[in-house]
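Labels for the chains are A, B, C, D and E, by order of writing; each one numbers its residues from 1.
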Amino acid sequence: MNGPSYRWLAVISPLGLLLVWEILSRTGVADPRFFPPPSTIIRTLADMVRSGELPFHIGVSLRRILIGFVLGSVPAVLLGLAMGLARPLRALLMPIVAAIYPIPKIAIYPLIIFYLGIGEASKVTIVALSIFFLVLLNTMAGVLGLDRAYFNIARAYGAGARSIFTTVAMPGAMPQIFTGLKLAMGFALIVIVGAELLGSDAGIGFLIWRSYQIFAIEAMYVGLLVTAMLGWLATIALDWLERLAMPWRPTN
Amino acid sequence: MNGPSYRWLAVISPLGLLLVWEILSRTGVADPRFFPPPSTIIRTLADMVRSGELPFHIGVSLRRILIGFVLGSVPAVLLGLAMGLARPLRALLMPIVAAIYPIPKIAIYPLIIFYLGIGEASKVTIVALSIFFLVLLNTMAGVLGLDRAYFNIARAYGAGARSIFTTVAMPGAMPQIFTGLKLAMGFALIVIVGAELLGSDAGIGFLIWRSYQIFAIEAMYVGLLVTAMLGWLATIALDWLERLAMPWRPTN
Amino acid sequence: MIATAPPRVAPITVRGVGKVYPARRGSFVALHDVSFSVAPGEFCAIIGPSGCGKTTLLHILAGLFPASTGTVEIPPQEPGRLVTALIFQGISTLPWLTVLQNTEYGLRHMRVSPAERRTRAVEQLRRVGLDRFVDAFPHQLSEGMRQRVSIARALATDPDVLLMDEPFANLDEQNRLLLQDELLRLWQENRQTVLFVTHSLDEAIRLSDRVLVMTSAPGRIKAEVPVRLARPREFRSVRQDPEYGALSAKLWEALRDEVLRARQT
Amino acid sequence: MIATAPPRVAPITVRGVGKVYPARRGSFVALHDVSFSVAPGEFCAIIGPSGCGKTTLLHILAGLFPASTGTVEIPPQEPGRLVTALIFQGISTLPWLTVLQNTEYGLRHMRVSPAERRTRAVEQLRRVGLDRFVDAFPHQLSEGMRQRVSIARALATDPDVLLMDEPFANLDEQNRLLLQDELLRLWQENRQTVLFVTHSLDEAIRLSDRVLVMTSAPGRIKAEVPVRLARPREFRSVRQDPEYGALSAKLWEALRDEVLRARQT
Amino acid sequence: AVGQPQATVRVVHVPVLIFAPLYVAMERGYFAKQGIEIELVTTPGGVSSFAVLAGGRAEVVVGGLGAALFNAAARDLDFKVVGPVHMERPPVSTPLVISKKAWDSGEIRSVRDLRGKRVSTNVLGSATEYWVQSALLKGGLTIDDVQLVAVNFPEVPAALANGAIAAGLLGEPLATLAEDQGQIVRLSEDFVNGVQVTALYYSGEFMRAQPKLAVGFMVAWLQASRDLFNDGYKRDDVAAIVERYTRVPAPVVKRARPPFHEPNGQMNFNDFKRLQEFFKRRGQLTYEKPLEPKQYIDTSYVRAALRILGPFKPSR
């Protein structure tokens, strides 16, 4: 029912916006010192790609996000599944998790650089930390939210603890795990950009902050653009991973 | 089925953790310069409450969050409902929303202080912005995810556009709106702490960063503790609001 | 025993109705050349395999969307009254409105004062035995009670025609039997024209004066089976009537192939 | 017509079984002093109002949890075979496993080689007519097909006792009638002992040799009604048997009060 | 004179030791005497100051010199550099430091030993980057011989301890604090001599609309700078004022290497030229053709103030 007229709207609206911006900026209605025309931004982007500066910063940030993401989410999923299945474990750990969870992890960043210094370790750690609890809680909720019926089927057909872990808890919690991972990606991006803003020598956040500090406005917009693109890429990657991990789900 | 033995675990586990920490710190097994004993932290907290410093910073941050939250979420809900109901509006705005949504809003903070300066306005704005898209998209998804049946009921019983807005879209999307608001609160907390870390003369984030800068590690832990408490308070407040806003939902 | 009211003057005539939905590839024909009519005050059941277009047909009759081809004659809506009231399959109430608000929902959009609205809604709730639950929310009721609310909502607007789309489909059979009793009682007090969609042979036979059997998609009327059992239709007497067994066998014969065919796709 | 197999030697005896659940305030008695027995190869139906403890009873028999009081005698599990197989109400398959994996699921936990697992599963899928859907996921099937998968899964373990918990409850009546045909055919080939829980009078009568009627909670056996209709039970012949109307009237009489009582709470 | 109507002037600052003249002038009533009431605006880092000035949200900025100054000037933002805040001369108040451990082990004993290692400055693209270059040049290295990273001053001791950096610039009084705690050793503190690194900026609007206040501000500023000449920081009342605004304990303030505040408001145009060239080479400027100092410096306020105050005589 996607009328062609609507699709048309969806294409012209962002283009239109850019065009209006370009015109306003070029005619000086919008102060080009603060709102440089998109064409200039694109030119700066091209320059920065050519000089290798931009790919370098993107690579640095991507690496931090990826490593931090894996380090944070894998243990979170395993522990989350275990906590979802085992009540004593849940009772033991939940109060601690609940206490740490609501702390915005960027607030811990000073603490982390206290202990780990300002190198890669602290950046990877802050990403991992900011993800860990979110994924843990989502995974656990996924197991807890599973219909008892699945466990009953498993047990009635002879499944032991291990089989229940792999054939019920894990696949059953998968949708919630991915909900968690997707949210986590949002948080990871904020946190890494924040951490790079606060103190770093490379990365997209650093690029934005340095451009801001030296008043290189176009480069700052380039940084924002790239951040948005990182966000899209992350979303696409996770969507793809989700389809891969859950072939049993209806596609639409 | 909450066995009393488990409840017992849930109480002792955090207390036990604090006790172990205290002992390790006092005996010097853990470096007390980095891990001051909890009792010292509590004492610092009490001092800072008594001196009025802590209430002041909490007040500043709370105010920023509250104002930003309202400024961000009210238009987001209204626009989200409208976009959920009206396809042309959705087609027009979605590409723009989708482009801006994945940018971690903290990355825009330098841009915001360019335009709005470093006062309260920029802090409130960054909170509002970091909330707006999240709430907007959740609200819209809430309307779109509503079973057609509700709209059919409304139309079969004579509801016009206005009645559909108020008696179907709004209450129907309410659960998703609150999902969005709760997520948004998490993001708002990160963003305000981040913004206060980056540049401010008051607020919890500032307190943490300054404590870090002057090596006042106890005060830094106090800042973290307070941040966690802000997080809890926000969660409790939103849960309460949610129950209030949706009296029709089963309580459990 | 309640006296049977005289029938209201509200016939339905459907002529050559077809409905085509846009589909992923091309289009999907849900209904094709459906024609039938229902006499004023008649209780007419429609039975057909899943996906044959029953809901589509009822939604066209209720005016939710137009037919692709053909014409429909049904009494037009009047201000202050909903001449044609639709009772839905599955989700039948708005979960965020109380039982009373749900019952008033039709009246709210008409020129009816709040006071009268309430009076009329409460009266109907009393008829379906739910006046104690005026301020309850749907989730606090059982599925059967929710369906009674949706019946009360329909009756509150004082309709001449009731379009019922598998109202009891989500109930277990036992509660279904009890609700059938209640529906028959209510109908006999007012004698609206009823078009009642169901999957159940037994329900169709128990309730209606006539059963229309539809083919699998695209839906057409395949057969028309009059049900001449005496009213009121008490469970025991219906079941022990030899006509009953014959009717259900006959209907199943007409349906079986269609169901098997619908299953294939 | 398929010859009826000789019955297997697997009786069930239930003596004074009770079940108490912990509840918000104190405890909730779901079953109270339930006693009955099922002969080897007998098809026994249990019917009772919603919430009367039917599922609880079956889960006790399947060994998912113990009874609070009383004893249960049922053939014990053997390695390589699931002597007692349970077929579930509602959700019956694991949505993340393919049809084949679901069917193999019981065998996977037994000492059965992967190759044999597959052979046996495919064979059962052929019996229920789903061998074309071996690699499909449950969401790609209709509800009725999913129930057939769960029947295949049970049969793959070659059980002596089938415990069936409203397996057809989520189907529309027409598909239900078709599945009843299939179940009867499968059962007549193997003659397992079957305990079949249902809400439907018609289903109980159509399928079983005997119907146990339960009271509303706490559930007890209220009545026992033997069904002496001839087998095989073809729809038309069953419906036109005068015994059928009498049986259904009788069962409804026994049930009606219980359903009304269950509704109150 | 006292009692005349006070006009509010908004001053953007960062609460650090080197901006002491601002706090001293406030506390000693020099601003009040000029009919000025100060409203302090705290910034994240000095840099957004240009947007603040241009946007008319403040009249005065006390801040550092950096690439941003030149980029903003090149974009015709409406402001001017009107006077100095402090200069660095040996021993500098922002030394290059290394960890005590590295010193004791003999791993690093001179600037030369830093080749290929990570060295930090507080803000990239600020004047401090130029100092790193100066310090390295003294040891026979250039900035390209090390890995330059940005580490905020407060993080430097921890970063050194963790080996994240081998050396870093560390501003006073943090250097003294860290030295007290046995964390650091000063590796080099004589690498610049008389280079201006922080400046006073006026917004164009302020200069045009309130020229008298603009001169008055400069008068008060120079008065306070003169108070801080020589051992000014060692005085109890000054240390107390600095403690009040920066929260650095007064005893530490007294022991820290004091920054030098040019008492006659002299600025060396060559310093600016050299900085501009330096940033150009570092690729941090967004324009091609070098700016003339006149385009962003206006010394008329210093001259006007000196006419009122007379030249500084180091009598006390």
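FYI, contacts are C-beta pairs under 8 Å (C-beta built on N, C-alpha and C of every residue); 3 or more make two chains touch, one makes a residue touch a chain.
Given the structure is predicted, the values throughout are model-derived calculations rather than measurements.
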*asked:* Using the touch definition from the top, how many steps at minimum link chain C to chain E?
replied: 2
*Give me the fewest steps it takes to get from chain A to chain C if each step has to go to a chain it touches.*
2
*Highest-count interface - the chain pair sharing the most C-beta contacts*: A-B
*Which chain's C-alpha centroid is most distant from that of chain D?*
E
*Indicate the whole-number Å distance between the mean C-alpha point of chain A and the mean C-alpha point of chain B.*
17
*When the centre of a chain is set as the mean of its C-alpha atoms, what distance in Å lies between chain A and chain E?*
39
_Euclidean distance of C-alpha centroids - chain B vs chain E, Å_ = 38
_Distance between the centres, which are taken as Cα means, of chain D and chain B, whole angstrom_ = 50
*asked:* Which positions in chain A are in touch with at least two other chains?
replied: 34, 114, 198, 212, 217
*Numbers and ranges of chain E residues touching at least 2 other chains*: 45, 48, 51, 152
_Contacts with 2+ other chains: residues of chain C_ = none
*Okay, what are all the chain pairs that touch?*
A-B, A-D, A-E, B-C, B-E, C-D
*Residue ranges of chain D in contact with chain A within the complex*: 59, 62-64, 77, 82, 85-86, 88, 90-98, 105-106, 108-110, 137-140, 153, 157
*Which positions of chain B touch chain C when the two form their complex?*
147, 149-150, 152-160, 163, 167-168, 171-172, 174, 246-250
_Give the list of chain B residues in touch with chain E in this complex._
110, 113-115, 117-119, 198-201, 210, 212-215
*Contact residues on chain E for chain B in the complex?*
15, 41-45, 48, 51-52, 55, 57-58, 152-154, 177, 247-248
*Any idea which chain A residues touch chain B in the complex?*
3, 6-7, 9-11, 13-14, 17, 34, 87-88, 90-96, 99-111, 114-115, 183, 186-187, 189-191, 193-194, 197-198, 204-205, 208-209, 211-212, 217, 220, 223-224, 227-228, 230-232, 234-235
